[in-house]
Amino acid sequence: MNRLISISTYILALLWALPFLGIVYMAFKDASEQGYSLTFRNFIDAWNAAPFGQYYLNTIIIVIAILCVQLITITLAAYAFARMNFVAKGFTFMLILIQIMIPSDVLIFPNSNTIAQLGIYDTKLAITIPYFISAFGIFLLRQTFKGIPYELEEAAKMEGCNRLQIIRNVYIPLAKPTYLAFGLISVSTQWSNFLWPLIITDSDENRPLTVGLSMFAKASDSGAQWGIVCAGTLFIIFPLLLAFLLFQKQFVSSFMQSGIK
Amino acid sequence: MKRISILLSVIVLMFGILAGCSSSASERSGDADSNSETIDLTWYYPVNVGGAITEVIDQYAKDFNHAGIKVNGKKVSVTPVYSGNYDETMTKVQTAIKNGKSPDLSVQLSVDLFQIKNSIIPLDDFIKNDSEAQEMVDDFFPGFMKNAQTDGKTWSIPFQRSTVILYYNKDMFKEAGLDPEAPPTTWEEVIEYGKKLTKKGQWGIELPATVSGYWIYQALYLQNSESNMMSDDGKEVYLNTDEAKEALQYWVDLNNKHKIMPEGVLDWSTVPTDFIEGKTAMMLSTTGNLTNVKNNANFDFGVAFLPGNKRVATPTGGGNFYIFKDTSEERQQAAFEFIKWITEPTRAAEWSMNTGYIATRQSSYETEALKEYVGAFPQAKVAMEQIEFANKEISVYEQGKIQKIIHDALQAAINGADVNETLDKAQAEAEATLKAYQ
Amino acid sequence: MRRSNIVKENLTAWVFLLPSLIFLVMFTLYPILSTFISSFYKSDLSTIEPIFIGFDNYTIMMKDEVFRKAFINNVWFTIGTVPTSVCLGLLLAILVNRTFVGKALSRVFFFYPVVIPMVAVSFIWLFFYTPDYGMINSILKLIGFEELNLLGNSDTALLSIIMMVIWKEAGFFMIFYLAALQNIPKDLIEAARMDGASKWRQFRSVIFPLLMPTTLFSTIIATTNAFKTVDQLVVMTQGGPNNASNLLLYYIYENTFRFMDYGRAATVTVIVLMIMVSIAAIQFFTTDKKIHYS
C-alpha cells in the first residue's frame, strides 16, 4: 500500500513538473534545426529583443519599495490594534477587514481615476502606492504581537522606554518569523503583479518584468516563436525559483511558527 | 542568515549592473512642454504583424533624429513607444490622454477615427499651407485616403496600409496535383482545392477569427454583396443581411462541412506560423505579414487576390498617423514634419519591403529600390494591385464594442451556433450600441 | 492625570494608524464609494459629461448577455477551482507529510507553480495548449489521437483555464495544510488509534476538524482569487471564444480600457464588490461554529 501511495505521489509530482520541463525544453531547442539540438541562441535573442535588464531593475525597485513601506505601516498599525485602546478601535479594525475582503485588483477602474487625479501616471510610484498598506500584514502581525507576553513590554516600560522603543526592542525581534513569512508573500505577490502595472505605465523605464514579458511575447515573430518566448519566460521566473529553492526551509517553517490558524 | 544576506546583495548588485549595461531605454520627454533647444515627440505605435518590426521603427527614429529637421529653430526628434497591437495601442492612448499625458502622435487603425475624433486635430490646415504636404496627400493611393476623411476634413495620414491577401504553398499545390501558378479565384475553387490539399497533418486553408478576425470576415462579406457592412457616417451597421449570413455560413462550412480548415477558433498570430510551419496550404492574412513569411518559409509560396464570390473584393486595412490635440501648436507642427519625412516615397518603399505593407505613395513604386524588389519578388505587388478592388474598412462609432460584437458572432458560429440567429442577435446588439449616435 | 494619559494613548494610537489609514482610504474606501456613485451615471464615448440615470445602468447591464455570461462563467469558475484546489492541497499535504524517498523534491515540484507569476504561467500553458506543436497536442499526436484546439473551443476554453489555476494554486494550500498537519498534537491521533479508530475515522473525527481554520482560510483565498482572475485572460483568450472564458474582472477591464464605457465598468465593479463581501460574510458565519481553536 505504501509503495502504491509513493508511486502515485511520484506520478503527480511529475505531472506538476511537466509544464516547466516543457518550457525548458523549448527554450534550449534550436528552432532552425530539424529534430532537437541544444542552443543558447534563444536566450541571447530574447535578451536583446527587450530591455530585460531595465525590467529587472524596475521590478526589484518596486518590490523592495513596497515591502519597506509595508513593514513600517503594518508594524505601527498592528501594535496599535494589539496593545492599545483608543476611540473607534473596533470600527477602524472593521475598515481594515474590508481590504482583506476586497482586494485592490478589483478596484482597477476607480484606482486608475485616482492616479489620474494625482497626476502620477506612468511612474513607479503609481505602481506601488496602492500597496503601501497591507490589511493582511496588519492582521497577521497583530495576531503575533498579541501572542507576545505582556510582561516583556511592562519590563521595558519600567526601564523607561517609550512606545516606539518598546516596539523596536521587544516586539519586532520576537516577530521575526512572521515578518519573514509576510515578506516572502509580499515579494512574490508584487513580483507577479501584472494588470495594474500594465494599465498604469507606459514606458520601459517603469515597466516591471511581468508587463515586459507580455509585450515582448506579443511583439516577437508572429507572436508564436516559442523558443524565444520560452527563454524570455525563464528570465522572469528564474530568480523566483532560485529564491524559492534557497528559502524553502524558511518559508515552510516561518509559516508554521507564525501560527496562521 | 548572514550568508543569505550576502547572497542577496550580490544578486541585487548583479542586476543593477545588468540594468546599466543593457541598451539604454529610449528617452521619454518628461512633459508636454518642449525645452528651449529641442522638441522630442512621443510616438505610440502598434505592431500587428510578425517580424522584428520594433527594430525597424527604432532605426527610422535614429535616422530622423540625425536628420536635423527643425521647427521654430528647435531640433525635432522622435521617441517611438511600442504599445502592443492595435487594440492595446488604443487602450494606451486613451489612458494616457485621460491622465493628461497625451502622446504627440500615434499610429492607429485608419478606422479608429470615430473612436478618437475628440482627441485629434484635423490636418487640412497643415496640408493647405504646405505644397510638399499637398503633393504627399495627392500621391497616396486614393483607396487609403477613404477611411482618413470625414466631415469634409482629413484626419489622418496613411502609414502601414494593407489589404487581405491569399497566401498559398506552391510546393503543396504541386504535390496535390494542382497548378502552382493557378491559385483558386472563387469560393468554390477554394473548397475544391482545399479538399485536395487536406490530408493527415495538413489542412487546406486557415482563417483567423481573433484580433483582426472581423476584418477577414468583412472581406468575405464584401465578396458576397455589392454594398458595405456599415454606413459612410459610421452610425449604422448591416450585419444580418442575407449576404452577410451566406458569407458567415461559407466560413463556418470550411470546417463543418468541407473539413478543409481546423476546428475551432484560430488565433490571428498562430495562423501565419501555421502557414510557415507547413501546417496549412493556404491562409488569408494581411499583406503586412509578407516579409515575415518570406524570411521564414522554407518553401516556395505565392500570394494572390482574394478568391471572390459575387465579386472580387477586399477591405483596406492598417494604420494611419494621428496628431493629438492636447499638445502645443509647435509640437503639432513638428509631428507633421515627422510624418512628412517618414512617408517620403523612398522611405515608404523601404517600409513596404521590410514588412509587406503596401507602400502608401504611388510614386514609391517608381523608385529604383522598389522596382528592383518587385522585379525579383513579384508577390510584393499583388496587394497593391488589389487596391483597385478595395473597399472602406468597417469604421463606426463605438468601434471597440462593435468589433467585439462581430468577433463574438464569428466565434459563436465557428463553435456551432446557428448562423441566422447569431447574426440577427449581433445586429440587435449593434443597433442598441449605436442608438445614442442616431 | 488619567485623562491626559487616555488622550495621549488615543493620539499615539491614531498616529500609528494614520499611515495605513491614509492609503486605505485612498485606495480602498474612497474608490468603493466613488465607484458606487459612478454607477448611477451614464459615462461613455457618447457622453461629454456623465449623465445621471439612477438605476438604469443596473437594469441595462442585467440584460447584457456578455455580462450574464461573465457572471455565470465566474460562478462555474469558482465551483471548478475552489473545492478542487483546496482538496487537492490537503491531499498533497497528506502525501508529502509521509516519510518517503524524494519527499523534499516532491514538495518542490508541487509548490514551484506558486512562485511563478500568473503571467508567466499563462505563457507556459499557452504553449501547452497551442494546437499542433503545443505540448499537449504533440503528445496526443504521438499516441495517435486527434489534436485539440482547447482554447479555441467554447466548450473547453474555460475548463482549460480552470486546470491551469488548480495546477498553480494547489501547492499553495498544500503548504498551509502541511503546517497545520504538523501542528496537530501527536497524542490526539495516538488516542484515536488506541481507541481502534480506522485511518479514515482518525482523519474524519480528529484531523479534519482540527484543520478547519486552514480550510476556512484556504477557501476564502481561493474564492477571492477566483474573482480576481484576469491575467490569464489578457494573455491567452481575451475572454473568448465568444465570451466562453470571460470573467467579471476581465469584463471590467474591457469596458474601462477598451470601450471606455465608465458607467458600465462602475456598475459591474459594484456587483463584484457585493459578491466579495457576501462570500466573506457567509464563510465567516457558517464555519464559525465548526472551528476548533486549541
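Going in written order, the chains are labelled A, B and C, and every chain counts its residues from 1.
Definition applied: contacts are C-beta pairs under 8 Å (C-beta built on N, C-alpha and C of every residue); 3 or more make two chains touch, one makes a residue touch a chain.
Everything numeric in this text was worked out from a predicted model, so none of it was measured.
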Query raised in the report: What chain is the most remote from subunit A, judged by the mean position of CA atoms in each chain?
Result: B
Query - Which of B-C and A-C has more C-beta pairs touching across its chains - result: A-C
Query raised in the report: Can you give the whole-Å distance between the Cα centres of subunit B and subunit C?
Result: 37
Query raised in the report: Quick one: subunit A and subunit C, Cα centre-to-centre, how many Å?
Result: 16
Query raised in the report: By residue number and range, which residues of subunit C touch two or more other chains?
Result: 130, 133, 257
Query raised in the report: Which residues does subunit B have that touch at least 2 chains other than itself?
Result: 91, 95, 270
**Report entry** Residues within subunit A bordering two or more other chains
**Finding:** 112, 199, 224
Query raised in the report: Can you name the residues of subunit A that touch subunit B in the complex?
Result: 48-49, 51-54, 56-57, 60, 112, 115-116, 119, 121-122, 199, 202-205, 215, 218-219, 221-225, 239, 246-247
Report summary line: The subunit A residues in contact with subunit C across the complex are 2, 5-6, 8-10, 12-14, 16-20, 22-23, 26, 72-74, 76-77, 79-80, 84-87, 89, 92, 95-96, 98-114, 129-130, 132-133, 135, 138, 163, 188, 191-195, 198-199, 209-210, 213-214, 217, 224, 226, 229-230, 233, 236-237, 240-241, 243-245, 248, 251-252, 255-256, 260-261
**Report entry** Residues of subunit B touching subunit C in the complex
**Finding:** 87, 90-91, 94-95, 115, 209-210, 262-267, 270, 274, 277, 279, 397-398, 400-401, 404, 407-409, 411-412, 414-417, 429, 436-437
Requested in this report: Please give the residue numbers of subunit B that touch subunit A in the complex, ascending.
Outcome: 4, 7, 11-12, 15-16, 18-23, 25-26, 28, 47, 49-54, 81-85, 88, 91-92, 95-96, 98-101, 268-270, 272-273, 276, 289, 292, 296
Requested in this report: Quick one: which bits of subunit C touch subunit A in the complex? Just the residue numbers, please.
Outcome: 9-10, 12-14, 16-17, 19-21, 23-24, 26-32, 34-35, 38, 92, 95-96, 98, 100-102, 105-121, 123-125, 127-128, 130, 133, 135, 167, 171, 175-176, 178-180, 182-183, 213-214, 217, 224, 227-228, 230-231, 234-235, 249, 252-253, 256-257, 262, 265-266, 269, 272-273, 276-277, 279-280, 293
